[in-house]
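In the two complexes below, subunit A is the common chain; its partner is subunit B in one and subunit C in the other.
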Partner chain A sequence: MVFPATKLITLVALCVIVFIDICLASPSSLVGIESQNEIKYPFEEKLTLEPLPNNFLFASFQFLLASNDFLINKKNIDPSKFTHYTVFPKSISPILEQTDTKKLSLRFTHGLWDSKSWGKLPHNGYNSGGSGVEIWGLIEARNNTDAMSKWNQLTNQLSGLFCASIDFIDSSKTTFPSNSDVFLNNLESIPMTDPLENSLFLMRGSLANEPICTENLTPFIKLLPNREKSGIASLLDGHKVFDSFWNSMSLEVDTICSDDGICHYVLEILVETVLNVPQLLSRNKNPIPKPSTSDELRCDRSKNTDEVQCFPLPEKSNYDYHLSDLFGKKVNGNNLLSETYSKVCMVSASAENWKIFIKIGDDYFSTSDNCYNLNVDSPIDFFIETEDSSDVSVREHAPVHVSRSLTGYSQDRGGLRISFWNPSVDKNIDVVYFESLPWFMQPYLSSLSLESDANTINDELGEIIKDTYFLPAIDRKRPSHIEFQLNVPANTTITMSYQFDKPLLKYAEYPPDANHGFEIESAFIAVKGWSSDSHKKGREEIYFLRTPTLLLSLSTPDFSMPYNVIILTSTVMAMIFGMIFNMMTKRFITVQKADEIASKSKIRQLVGKLKNLKRVAS
Partner chain B sequence: MANVLSMYRTVKRLGIPDSQIILMLSDDVSCNSRNLFPGAVFNNKDHMLDLYGESVEVDYRGYEVTVENFIRLLTDRWDEDHPKSKRLLTNENSNIFIYMTGHGGADFLKFQDAEEIASLDIANAFHQMYEKKRYNEIFFMIDTCQANTMYSKFYSPNILACGSSEFEESSYSHHSDVELGVAVIDRFTYYSLEFLENIKDKTSNLTMKDLFDYLTFDKVHSHTGVRTDLFKRNVSDVLITDFFGNVQEIIPDLSDSDGNNIKHGINDEEDYYIEKTVLDLAIEASGNSSDVLEENKTNTLVLKENDINKYLHNTIKSGHDAANSKGEGPITWWKTLASTTNGVIFTTLCFILYKFVIVTEPKN
Partner chain C sequence: MCNRYQKLSRRLVCITLILLYCFIGIPLWYKLTTVYRAQLPTQYIKSLHENKHQDIHMVIPVYLNFSTYKFPDLDKAVQAQTDSVISNIENGWDVNWSLQLQNVNQNNLNYTTDFYKDKYVVQLILDDFVGCSVPYDGKDTIVFYNEESILSNDLPFFIAQSLMEHTFKLEYNLLRKGAQNGNKNGDSNIAIEYSPQVHISLSVLTGKGYPVSWEIEDILNEYFTPFRKFISPVVNLTVDTEIIYYNDLNLNKLHNSIGNFTHDPIIEDLSAIIDLSELTGKNNYYANEKSVLNLAIVFPEHDLPHSLFKNGSPVTHENDTFAVSSFLVPQWGSLIINEHALPSNPVKLSKAYLKPIIYKFSNEIFQLLGLSDFKESLSTPMLTIDSFKRITTIYSNLDKSVDTLRSLVDMTEELPQMAIPKQVADDVMEALDLRLEIVGFLNNPNDETDELIWDIALRKSNELVDICEHAFFHKDMMQQNFVPQEHKIAVYLPLLGPISVVCFGGLIKSLKEKSLCDGNEADSEETKKEK
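Right after this comes the complex of A and B.
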């Protein structure tokens, strides 16, 4: 994996810049204001292209920014001093300061990453969430209640900033993950404003299948110092980014401090997308897919081919296209702020088969490592050429494949089934399974059972599940929170299942489209120590993945008007009909009169005669 | 959906920044996988004009689009954590344009296929806004079946209202886009947009009367209605840009630091200037999010407000950032204003609020 390594280097580079800043600051102005010529613009950007199997292309836009220095301890701040923003977005730091957030991750992900054919997720899955919106925050607070109120502030502010319903993440959707050492590295080094009174709370919430569209990309672009005017961000266009099979936008803010309490924020923004190249190229010709005409069909002539039969040939494998064919635009020169050039790189296994050329004006240039620094200010295009598009770099395989599904069909109970497949031949892996279920799924841990496809393995719970953490839900206030530590043996599938109840909701709690079902957020899995490379440390040692979301159907009242009208009118009609029918077929008379009439009826008389006869006979 | 976005496009094109537009969309049509054109919403089957554009900002979407939130938005009754960018930050100098569209009927408009807002609800909310001095003038525009009933209950001053169809009359969609399989826009909004597209910049002298005259029965196929009795000005004097555009005015400061009136020539370099910007709000409500591409969705509303003032001392250059960056705009200005109380005259701050509705096949 090239990416994490480069990221580390760039982070280090940023730190150096900031360090210089500190040295240059005069002792009296601790808040990092320097004279004009010392102002730095710690901003770097890089576009990485990577071909994937089946003519997919993975494009990753990475932006790294750092803020100016500030003091972690607010009491020491000289109120007469200004704070300055250089490249760091003005909208982010007030939110973080107001809510005492030391670390923030926000992920907008949509689509399915096909890990069986594409390999591992980018950045070991750290920067992509489950389908929808996912938010993590590390908040300094006195206690849980305090943390929750700050969290509510944070989600409300972010919902205004990022045009998403993040404010729906309230206490009924928020969990405090317990294995924080797995989910975060170097927790101890995160500084606190008031270490005596406060502690740090890791909080997480997510919105399953929240729609992600241009209105979410716009705020990300607005965080960049030069917007989409120059640099690689000029390629970012909602029409292309979302015309993809998988896309992920993420924002990661860390507070980094030196020992003397001088801190700065580091912000990493990633916009990543998986494009299908043939599809995009054909869309350029014909925006609406139409069947090929007969002379465009590529038929296998060795088989029987006539007007109605055509055995298609495999897709062609030689492609050449400009980057502007995929993104609709050219790169608008180097970014105007950064001290380093914008970078565009192509990662591929075979340098012979995949070539990328930079096109400036009408001239094409190339480099040996397929990496380019954009050092011109005119529009730049790239030309990509391959003889064999199936010859792609083999990404590392994902260490585990997990699938989760709902079982059962009744309206009052159901089940969950989670299967873990460890494809490795000889390596057992340790997995943390994290799941947060809405309060209207009430799981029974007593029904937890395990199955395995390997006979040699003892299916005892204790052999597989090393540790459990379970926090039951409180209706309407808190979700169920499940964390299991499992050991999945090599080359084995472990299937875990349990049952849950579905309670009834109150009338007003159903969403407008209740019959659509309720989106259940992804479970999320952290794989520890999967890497054979023992040099990797910290978060790079851990691989994260999410299951797809689930759609749970609860028993839903029929809100529709026809149903209510039919029920009501039927009831009224039945009552009226019954009464009228009774009145029309019966007469109301007194008992005496009834006896009188009865005594006169012929049947009565006949019965009376028979009785008399019987008496006489006896 | 295209209805609301048409209005959104117009106000944005005429210079109102996103921070002053509140857009409510109940559907995620544009990036839904059933949309053949990801990230795009068109107003016409020629697919020339993409209303979703490259930098749309939706303030309320999906389940957030409810009657309650809409009324809260108008009356500004929120809890303290509610972000600034999702509030209607207007005052008595603000012009507000509200556009709503969706499925409606006599005296109601459906939100989300699950609840309705009644005409009296809106009328009461407007009156509350009037009492709280939240607007200077309101232009209310609605495109739904029997739309004119929706403004019939208004009783607060300075409201100009316009609807697409009479009582017991349907509004109609413009045409069906065979390739997308839906009718994308309604007649009333389509021709409004056609008219508004002719306004090339903020200096246009076209008036509201021109707009109303443009929407004839031949075009709209229903009787559009205009209500002017609450409105003090003559509609032929009201410029379109009073509600749809961000018009900057230079106002001479007529008072000195002690508050005494003094006379200054308008060219006096010592004058203070106030730049007027416009705040728009667009809301699209309703619609049943499960059928996304179906044009019957209902919906919505929007508002646009226009407001606020940017105070600029001697130069007009310095203030542009504040208005453009979402979420930090109004506050910055308030602070600026607060810190420079001397000698600034607040002028016409316009607020516009829009509401849009999608009309489709005959709606009931």
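Right after this comes the complex of A and C.
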């Protein structure tokens, strides 16, 4: 890092000139703080509300941020280059740069998305992970080992940033998905620092059923330039977001570059939740649940009703409530930093039945499209009103329903059974089934079998699986990695099953509560060409979904066993040693001699004297 | 009647088993159940720590170049003079050092090439007066002499004085005994530890949410780029800037709910209220840069009382209505607090506002990096940077490494149950070898290399610090401490207890048997006599 002398001379001269310039600079009459008409940064935010059947409300908080420009090749650090952050979070960039991560997806998801009732997942499932934590990264590296090293650094740093155990995703939980063109779009357009030496590695890891709580929401809020102080983010309260039937927090970072190597990051943060409106409203009314009084009961008067008997009516369908009733807070004015105004929209097919009003002060206003741009710097609330809450927009149905379950009761063997149901009556679908099993589930592909409920296609089952990718596990180092490309015929259920072995783990590898079982991460399904709409391209062409996680029970040893074995063995050894020692050192004498010696024993003599005394006394 | 042969054999068995138990069983058990502790060169590390510079005798080669007259013995005469100056210093030297004077060999073919480009050369120029000049753009020392000085034989002394008081002034001042102690009371409380990579984070914080922009790119290019280039041989600076909203470092806590001050705040209140944790936390993700310095320009949510700024260090122009004070936070950076909140509309911080702040921070960086001693010598940057490399190599890196190794040795001695993996011992040996190599560079800098020898020494000493820390923070060293020695005893007591009882009980019985037999034999002799 030695600077050439000639250049240094020039620079020092420049330095001196600059210092002189500073000394001679005349004091400014202005303080140098100038008011501007408009300063806007690349930041957008939007809240979308969507009523779902059975009085559920889907709320999606979306934040889009972009970083300042930077050069993709930073190997030669130019002293005249500085990194600037305006709205993009400073904590993200260094992590991505140090680990050469070009694309990062982090998802915290919990709960059950009832796709049969609510339709397909939001954003076609792209931003929702399996239950727990899921992380995807596209890393530029020389080889797999280098990629794994950078991945470990990435997970460790994200673990600290998001207060989650992401650092537990090590090589034994990480896979390199093979169908990367399905999971990622435009892979070719992703920029590389050194395309000659390096390649891009798509890596995925997951923590099944990792508990998600308020401490995980706080880091997401901290990434926003306005925190929870203004804009729609002021509604985000961990207690409310997680008091839901399904919630998902996701972070997506993409590196976007121009042809001349100038890049910027684009960050999308989504916080989504499905709230049960009647439950939240009743909780506001009675924070401590208690039985309803008789006058509050909604009984079916057409049936016999008395003091002890009540046939309940269906839930009421007319509701009116404020958004602050659901989130506990009002929107704290517009976000002043955005390029556009903060937006709040209600999406519903029935605009007649669903009305949303904006409340500023004591005044209510409405629009025809139920969409509002927030342009006031004061607390804002929204009033939602419906006469028939069951009249909701019909979401598209999920193109496939998948269920996965464990089979078998054995301590050393088990099985997995995965069912794919294509509800479409006329359209076959192509499915990529991705599964990463922990190394202690050792599957046998030879046991793979397929069944179908349609007798007509039994002969063609061999045609169902188009392609198979299988990478067996290495104990404690690598998970099993299975990818199938399937074609599921219309209106058919295909069931796939295979067997696996359950090995014994080492003593320290069992979790603290081993009897609870081992969480097995969700399987991941991508459905290609599911939509009949030919305009849908890229991300929209593919629908993603995850199965629920599984709980695998392994044979659990008695954890005090090693100590017991040591102690028992030691005792037996000591007994055997004692006997041998006794035999080796014992003195063999006649019985008469033994009696004679015993009679000379002082204790014997003392006992004899005591007996004599007793006899004399009697 | 005792059989003497049987008695002896029983006793022999007991004693043999006791011996086996004591000298083979217990050591074997102890060995098999004891954690692995690799052997460390403890004594050598302790002796190094007690006298850290015992094997350092830094030699700096200096070449004498003369054109008008030829002085074939001048190098020897100047050598004698410099040796005399160095040896006569009061209190002695903390680090032994000397200059190695040589005449430039003009007959050498290398003379016309770059051989002397990076060397210390004394250019002797005949003039009407005697004087000395050290140009800022090189490492030469120009000594002007006249014929009287030759006749009076003052030239060697004059050259020696010029070298000591100008060219190697920093070594002359800082390598003396006690010089570093004096320094520790000053800068070292404020300065961060030396690190080859330092990150500088510049932030504007406002308690409000109205957009702010600042002309920071232009200002940084003007003031920071030359500084970064200048310091780059020893410290690689990376810089980022950030605008943070709705955060005034807790200054809003000075207000009560109705917008008035809870009491008339004084400057001490600031240190109690200011919360720097978030700013500090944002820099945790720079894994390559161990040290981070901050400049935070804070605009409070509400105006602050003027009294708060009485003792602050003002940074704005006299005509300004804004009071802006600077506070130096030791080992953290500089905090600029504005008296007034920003207006409730978008604002731009122009160069006029930022210029005095960045200029002041540029000066404070020397103090924060621990370079105050060097700041005074910036008129000769080439010489100063070289001196800095040597002094940093010795005081920041070699000493720190020895301190780390000593701490490692002390820790392993204090915790006898702690494992010492082989990797730690290997790292320690590698560190000691590397240290000797660096000392070799310092003591014998004449090796022909493409890279400047002081750069090699500094680079390797940075590696040395990393190796020592790698040895000290080995994760396997701590984990065995959770299994106490008592646990081991408790688990093995069912084996050790009965065997000990049996062995020692048997031995006592065997010894007791001797007296019993003696008694029996005496009895039988008495019986015979009676008969």
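The working rule: the second predicted complex is superposed on the first by the 512 of 618 C-alpha atoms of A that agree within 3 Å, B and C clash if a C-alpha of one lies under 4 Å from a C-alpha of the other, contacts with A are read in each partner's own complex, and residues count from 1 in each chain.
In this section, contacts are C-beta pairs under 8 Å (C-beta built on N, C-alpha and C of every residue); 3 or more make two chains touch, one makes a residue touch a chain.
Values in this document were obtained by computation on a predicted structure and should not be read as measured data.
Using the contact criterion defined above for the overlaid structures, shared-chain residue A:516 touches subunit B, although it does not reach subunit C.
By the document's definition of touching, neither partner reaches A:233: not subunit B, not subunit C. Contact with subunit B, but none with subunit C, is seen for A:211 once the two complexes are overlaid on the shared chain. When both complexes are overlaid on chain A, the residue A:159 reaches subunit B alone and has no touch with subunit C.
Using the contact criterion defined above for the overlaid structures, shared-chain residue A:587 touches subunit C, although it does not reach subunit B. Using the contact criterion defined above for the overlaid structures, shared-chain residue A:168 touches subunit B, although it does not reach subunit C.
In the superposition on chain A, A:559 contacts subunit B only, with no contact to subunit C.
Touched residues of subunit A, counted separately for subunit B and subunit C, are more numerous for C.
In the superposition on chain A, A:90 makes contact with both subunit B and subunit C. Contacts of subunit A with subunit B, set against its contacts with subunit C after fitting on chain A, overlap at residues 90-91, 153, 157, 160-161. Here subunit A touches subunit B in the complex through residues 90-91, 110, 152-153, 156-157, 159-161, 163-165, 167-168, 210-215, 218-219, 221-222, 237-243, 287-289, 511-513, 515-516, 559, going by the rule given at the top.
Taken in their complex, subunit B has these residues touching subunit A: 28, 30-32, 36-40, 47, 50, 52-59, 61-64, 81-86, 112-115, 179, 288-290, 325-328.
By the touch rule above, subunit A contacts subunit C in their complex via residues 1-3, 5, 7-9, 11-12, 14-15, 18, 21-22, 25, 27-41, 77, 79-80, 82-86, 90-91, 94-95, 98, 153, 157, 160-161, 225-227, 229-230, 335-337, 563, 566-567, 569-571, 573-575, 577-578, 581-582, 584-587, 593, 597. Contacts from subunit C toward subunit A in the complex involve residues 1, 6-7, 10, 13-14, 17, 117-118, 136-138, 196, 209-213, 216-217, 220-230, 232-233, 236-243, 245-246, 282, 284-288, 316-322, 342-343, 345-355, 359, 381-382, 451-452, 455, 459, 491-499, 502-503, 506, 509-510, 513, 516, 520.
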